[in-house]
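After this come two complexes, each holding chain A, first together with chain B and then together with chain C.
Up next, the complex of A and B:
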């Protein structure tokens, strides 16, 4: 039983992590593509159109990856979490089915048109198809987050005698207080990823002294979008999420922030420290007093319950992992703002394209927004443990009763092998595309 | 309401098999008949341009099943765990084959992607047929042994096969001689469908030869169909009762046989679209007849201890189904609009279309 649960969780964590590498770029990049295409429509400068079409090539490869890794996600609810699906399917099935009907269709139908149809349709319609792809991908994020929000903070349901969760208010699924902050934060975080990717490609072209015209365009676009989104991701949306967690999942909040003991008045904010689960304290702590209370409640002296206020079984199951995930996300977020602010400053002074160390930094920063996004999700998902549906359904009660751990391990190994191959091919392909660059097409 | 959602899901699934079915079939034909590089390229392109928008129908069917029949979704997806995951892997291999083909210069790579596309298409067709075979045969619900269920009566777990490969044992596996025959039917049907698609969408040099291939495959299909009906009687003597009790259901087998007989005259059919329509009828009729033979059961039980799964004992409650009806109708209209817009703009032969990269 124990290892059935372990392998089910490991497989889900592995496959969703891999899946989420791709949609975060899809969602953000579609916004940048629409922006560049729109700029072309207004200015009629060919450069913008070529840039948009070039990014579309990267988008297309990335999208394919998202589709093939997304289909296993949808199936896994049934294959590995059968009991969970049976008990809650009539609720989360709603949002997942809507995602399929409203967003995936929109996205994939119009993506094909955007890629193949420029000559057929004329520029205005071409812009429109690009916009619809963007809309589809953001709608997809909306429905998926509505699903996740219900698991974090269940609403609009009733529990029958046989333990089944039944929907009794459809509207509640979308007015869930968890949904809007999570959605905005998550979408802006995906804009962070895509801006960094675009800026990084730009830095590469400028440093290599090839495709320099496009390199500068990408750097400029990436840096401006990057700074704005990095700020928005921290404030107001990150802050709003933190308040939300403090209100609805106080035990998870205490663990995220690493507050072992409740303080009389005003909680400190921890910058660095390692959770020591034996002595129930943080080792090597560096913290600033009272800030956390102020950030969370706008009151320097407000008391925030620490982990000592909760019973063992109310606390998240893996506190150190949760704590590190959260601190990595927030730490990276702070660094992003710093780097992008610096870059924008030099862009404004017209020096950015010549400062090599900064260009190197921008180029190599590219994995970090991915890490921030993934650790952000780990924060959300680990904070929810040991529950699948917060406070109501234990993770251990959601697994498939008939699938043995040997079978799950077998499929997990298969996924690992296949995804390594897939990841490798993806890198080769994207590398090739970037190497070719957005040279104007000649036909 | 249950009946409505059942029909809606059946329609979406049938559309998936009709649309993605030609991709699978294209892969099978590609594997066996395409020899020249030029042909290989256009044939792969005729599938490559469409596979991902076709696969969305699978995603939609999955989502609708989850929402409307959660108990069925949970039971079947965990019970058919191994074959389903293998299908997922095959879907990935096929996508790799199609997407990467055009991007590498060397023939060695092209051969690798082609094989990946062809073999995974073939196996997918086989597996989907086997799945249908499993549904009509039924499974050991509750994994009953000596009259006692090992789990709740609506859960089960199927091995890929058991030592006897026989559907008549207490614990039939996923693959046995009955489901294998159904799997072969699916392979042949989709190969015919794919060949029709290639004729319709490309100017490849093997088009003229393909009509002969379809003719021969059709004869094999007739033989397999009759053989499977015979086997079906052995596996489940009551399999045709539904058609006797509700003669109206006979339209579904009639659709199937129309396709079958029509394709007999393939060499005289002038319009490529008509031939494609006939193989569409074949798929549509095949799936709907199988489902109709069971209705309202959706997964029979091979033991007498546990009840079969029906659309009534696995459905979500009334409220959820009826709100979903509202958005479902809007969604479905949108789907059809997208679909028509897309097929309109991308109609015609694919040879000269500019394939991305």
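Up next, the complex of A and C:
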């Protein structure tokens, strides 16, 4: 049973990590596309239109990869997590079905119209199709986050005698206090990723002295959106989320902040330290006193319960992984603000395009927003453990009892092989698109 | 679980079929990127629409036994999906261009 749980979780972790590489770019990129297309409508300068159409090509490749890697996610609910689906299906099935029916179809239909229909529709309608793609991709995030928010903080449900969860208030699914802060934080984090991707494409063009006009446009757009989103992802949305965790999942909050012992007065904030699970303390820590209490409760001396206040079974099952995920996310977020602020300063001084070390830095920073987004999700998911539905349904009670660990391991190896092929195809397609550049081809 | 893997294999076959057909029939080709995207959606559409006639991934793996015959039908439908996707997209593109020209 232990083995089955481990392999089921490993497979889900692998497939969802690979899957989330793609939607996090499409959601943020759609906003940048709408911005560039809108700028073209206002200014009638052709380069904005070409830039929007170029980014939509990258969007299309990403979107398709998201669809392909999303299919196993859908299947896994039935195959690996049959008990969870059986017990909670009448609730999570609502939001997941809405994601497919409303957002996916909205996104895919108007994506095709955006790509093929410019000449037919004219510029205003073309802008509208771009906006509807943006709406579809963000609505998709909304419905997925509504599902996750219910698992993190279940509302509007009742449990029948047979153990099944049913909805008693549909509206509660969308007014869940967990949902809005999580949605805003997630969406703005996806804007951070896409800003870095766009800025890095710009840096690549400028450094190679190729498509320089577009390179400068991408750098400027990426840096401005990158700085604004990097700040917004920390405050207010990240702050709001952390307060939510402190209120609704205090054990997870203590674990992610590394508070082993409750302090008498205010809690310190840990900048660096390694969780020592044997002695129940942080080794080699660097911390600033009372800051955590102030950030969480706006009171320097407010007590925050440490892990010693909770029973062993209430604590997250992998505290070091949770602690490191959270700190990697926060650390990277801080670096993003620093780099983008520096880049914006040099953009303002009209020197950004000539400072090669900064351009190289921007170009090579591109994997890190992905890592920050993924570790953010690990924080949310590891913090919820050992529950699937917080406080109500244990993860070990949600797996399929008849699927053997050998079966799951075999398919996991298959996924790894197929995803490597898909990953290679993705890199080739995106590389080809970037190499071609936004300048329209003449036939 | 193996059913999920089969669905991914079908998609890859769709991508390969669309690219191969596009390579030999330039008239219907949309380039590597276009063909690959069409291959994905073409194969998914056909397998999702007609798979329940008895050759979807679940039927192939029914009772834990792998049915090679059904798997081959699944692969052929994926190939058809990729190719049909190219035809349909080209048809739509031509119609749109004609309307835009008028």
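Here are a few things to note about the model shown:
Heads up, the rule we're going with is that the second predicted complex is superposed on the first by the 441 of 443 C-alpha atoms of A that agree within 3 Å, B and C clash if a C-alpha of one lies under 4 Å from a C-alpha of the other, contacts with A are read in each partner's own complex, and residues count from 1 in each chain.
Here is the rule we use: contacts are C-beta pairs under 8 Å (C-beta built on N, C-alpha and C of every residue); 3 or more make two chains touch, one makes a residue touch a chain.
A quick note: this is a predicted structure, and the numbers were derived from the prediction, not measured.
Once both complexes are superposed on chain A, the partners chain B and chain C clash. In the superposition on chain A, A:411 makes contact with both chain B and chain C. Of the two partner chains, neither chain B nor chain C is touched by A:186. In the superposition on chain A, A:109 contacts chain B only, with no contact to chain C.
With both complexes placed on chain A, chain A has more residues touched by B than by the other of chain B and chain C.
When both complexes are overlaid on chain A, the residue A:99 reaches chain B alone and has no touch with chain C. When both complexes are overlaid on chain A, the residue A:170 reaches chain B alone and has no touch with chain C.
In the superposed pair of complexes, A:140 makes contact with neither chain B nor chain C.
Within the superposed three-chain model, A:64 lies in touch with chain B and with chain C [touch as defined at top]. After overlaying the two complexes on the shared chain, residue contacts for A:375 are found with neither chain B nor chain C.
Superposed model on chain A: among 164-172, 236-244 or 344-352, the stretch of chain B in collision with chain C is 344-352, the rest showing no clash.
For the contact definition in use here, the residues of chain A common to its chain B contact set and its chain C contact set are 57, 60-61, 64, 67-68, 71-72, 75, 79-80, 108, 116-117, 120, 403, 407, 410-411, 414, 418, 421-422, 425, 429, 432-433.
On the side of chain A, the complex with chain C involves touching residues 57, 60-61, 64, 67-68, 71-72, 75-76, 79-80, 108, 116-117, 119-120, 403, 407-408, 410-411, 414-415, 418, 421-422, 425, 428-429, 432-433. Within the complex formed with chain B, the residues of chain A that make contact are 57, 60-61, 63-64, 67-72, 74-75, 77-80, 82-83, 85-94, 96-102, 104-106, 108-113, 115-117, 120-121, 166-168, 170, 400-404, 407, 410-411, 414, 418, 421-422, 425, 429, 432-433.
Across the interface of their complex, chain A is touched by residues 1-5, 7-9, 11-12, 15, 32-33, 36-37, 40-41, 44, 92-93, 96-97, 99-100 of chain C.
On chain B, the positions that touch chain A within their shared complex are 49-50, 52-53, 55-56, 58-60, 62-64, 66-68, 70-71, 73-79, 81-82, 84-85, 88-89, 91-93, 95-96, 99-100, 103, 143, 151-152, 155-157, 316-317, 319-320, 323-324, 327-328, 331-332, 334-335, 338-339, 341-342, 345-346, 353-357.
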